[in-house]
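Chain IDs A, B, C and D follow the sequence of writing; residue 1 opens each chain.
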């Protein structure tokens, strides 16, 4: 089991890596996103599974991101993602728009080790027109013409998410958030933050096993208490809506965002190191 | 929540239905297989997910089966499946041989609502030569020729399996045996036996939810204590190897099998009804 | 009925569309995140006694799915979701939806959050009710700048259904996929055909006399403020506080 | 070493093939159901200090997977399984495997259980060790009646690897995918090239002097009977009782 500290986990991500992350209704590792900002990573290609939220906005704002592939970027009730919107308008990031099930499908293709998978719908959407890497073919099982979209396998360099806990074997448990399992299966490596490490082996426990991702897929784990914050973590803690509103307000301007970074990403660290 | 008795559950399966069932290392409903024999169902098309075991052998032996689509039929340590082998040799059943990941893939295609899914491997196997419903195409994402198998979506009429428990909402819990979730998602309807029914809502419980199949997919539930027997049920009870060995010995002959049926399928029922 | 809040009015209006006997029965309805009015409409249908299974994606606790966020799309692919709700930053006269943004792709003018699952859900769900409270020429445009999800498809393209209706703060439009046009089904109190024309960027049909959208009945209002609010308090606390004036007990 | 059981001998032999430094490193090895000898070989490699992750499909309790029986195949599709074991009712000189049956398809002569995952695993795993204890012309045939999984593929067909070796109760064959033939790598004690030829239905190559398969070392035997048996007792109680003379404490 590969337990390291948070900053070491962030250090494993080279500039230019493609990172798959769940959004704010799943289990993003906001803690690792902040550590990546502190490490000063550049040129990340983020994949939102299937959409993107708070962690994406702060990484974009901090200049860590070259490309975002996702189906939406939003702060939920707090509105549009301000740094993402600004960077997009300024032409600072490449945007690859997708639609939710297409993101899932491209990861499932990698999970299964096939070069592509079909998906219904999409034909007629401008998303398809702007994705030269997606193809339309005639369903060979149909009697007559039946166009269907084929999506290429998407294999991120890293899956990044937050889990409730890790066990002594390096398995992680995150309950019903199975999109994180697909992320882990599809990615070359996965880096995970957890609230805590416990004894035992989740896979030997019939109740815990179904919500567990095997250590086979997990390449690095760091403890980060409240590591999803301000996002909710299952029934462990709720979304901190005040924190997100505060962020949305400050991040409207580049200056406000830099101030927010200084307080919430760099200062926290300095304070914790004392 | 649609709780009925076991015989009523069996009565819902019309002759000629296509039934998907997990094998002996997963959660077959042997109880429902026996009830189907008692109901005298005919012409079933069984799909082993991804292989077949005890329940398939007794259904075949009792003359309930027209077709078996599976990747293997076996009684595990107790050897070859005797009634299946005899029926195959006698030409009484149609056999559609597959390979394990192909069965999973065909069900995943139904789960996803796509007409087909690709799968690596298989090319060069005689399995492919005997499956006119499987196709080979050139991977359109490859630079040069790259043949790959396309498998059609397989939508069983019924998913049939045994779960540990159902809740008041009709959700069922069966832990890590997620092939049963795929069966339920892919099938038009699912009929499930359970050890017990409990209060509450598994989907509201973060620990139980990951091993749960939502009532959305479940069309009928019957309580059948020890309903997987002689097969193991997670950590609830172990495989009854003596029972299976005894079966394997008796079922070597058609007469022995009839005797076994009389004792273990029809008599049990008569005794229980007293 | 003067104290009926706009959200209550719209929820009751949508509820009637959900229960529309001329449409295929909605046995299982899914409601996306941040959609309290459609959610209230569906709960109201349940409380009126219709056996509708309702999957609310917004719920973080007691979430209806156990196979991750993929499950809604798989479920829809299987044909198990009968009705879904969509909106859009722009909606045009052919029922095309733009959730990406204005100006050049991918939203060089105003960037909206993105398409979410619309490009799939719009085509794979038998019935879609479009809902956008703001009814203005800015939102209801002749032609969307970018198509996130298209209102109609050419023959031969697999598609399970289309928009059933578009509900706004001013009226209800019916959609006619055969001619790819909306017609005005009813106007809310205070609106006229002309006021709707003035507020709408796209052309639409008017077939004869256009009725007024009925207000919620006393029973509907009582259910919304009682049993429906009870269901929604945990998931939509702000909405319930604002519309029904009720807060979750601590 | 006269008291070394055949299973111990075969496990030690397979262990050496697993650790073969000329083959790509086996970081993650999967072992199918009903394969106690390969399982013992892999546990032995672990106990000798090699950091091999071992996934035993036979384990009903503490099963290594949490995504259902599909996960082994997905894991292999991803390229995460480095080595797998296969056998066959018939194995031929081109390393084709027949797990379906003899006679006309689908096994009108003797029906075997079926192909299981072989048609996929054989092509998607970088290394496969074939193991069949029975070494007779009945099993090792010139040409299998039915091909469950083919030993070699035409150019252009995606394939990650081939059989590394075939281990039987009489000898070890190496497989050469370039020429689609086996060569005799070593003969077990008591066997000769001629005795192997007599017992083998397919032609194979003999390159120079054929060594004798080494017997397990004292260390290997001690580990097999000690630490390896400890690991296997729960999953393979009958095997451990028969081979190691040990039973699970009640």
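The rule we apply is simple: a contact is a pair of C-beta atoms (placed from the backbone, for glycine too) under 8 Å apart; a residue touches a chain by one contact, two chains touch by 3 or more.
Remember, predicted model here, so these are calculated numbers, not experimental data.
Counted by C-beta pairs in contact, the busier of B-C and B-D is B-D. Relative to subunit B, the most remote chain by averaged C-alpha coordinates is C. With centres set at the average Cα position, the gap from subunit B to subunit C is 40 Å.
Remark: subunit C and subunit D have CA centroids separated by 59 Å (rounded to whole angstrom).
In this assembly, the C-alpha centroid of subunit A lies 29 Å from the C-alpha centroid of subunit C. In subunit A, the residues that touch at least two other chains are 112-114, 119-120, 146, 148, 176, 178, 181, 209-211, 235. In subunit C, the positions touching at least two other chains are 61, 63, 65-67, 74, 77, 124.
A complete list of chain pairs in contact reads A-B, A-C, A-D, B-C, B-D.
Listing the residues of subunit B that touch subunit A in their complex gives 105, 112-120, 135, 137, 139-142, 146, 148, 150, 152, 175-176, 178, 206-211, 234-235. Chain contact summary for the complex, subunit A toward subunit D: residues 110-114, 181, 185-186, 201, 203-204, 209-214, 216-217.
Per the touch definition, subunit D reaches subunit B in the complex via residues 33-34, 57, 60-61, 63, 65-70, 73-74, 77, 99-100, 105-108, 111-124, 146-150, 153-154, 156-158, 238.
Per the touch definition, subunit A reaches subunit C in the complex via residues 22, 25-26, 49-51, 70-74, 76-77, 80-81, 84-85, 88-89, 95, 97-102, 104, 108, 119-128, 130, 144-148, 176-182, 232, 235, 238-239.
Across the complex, subunit A is touched by residues 28, 53, 55, 61-67, 74-80, 124 of subunit D.
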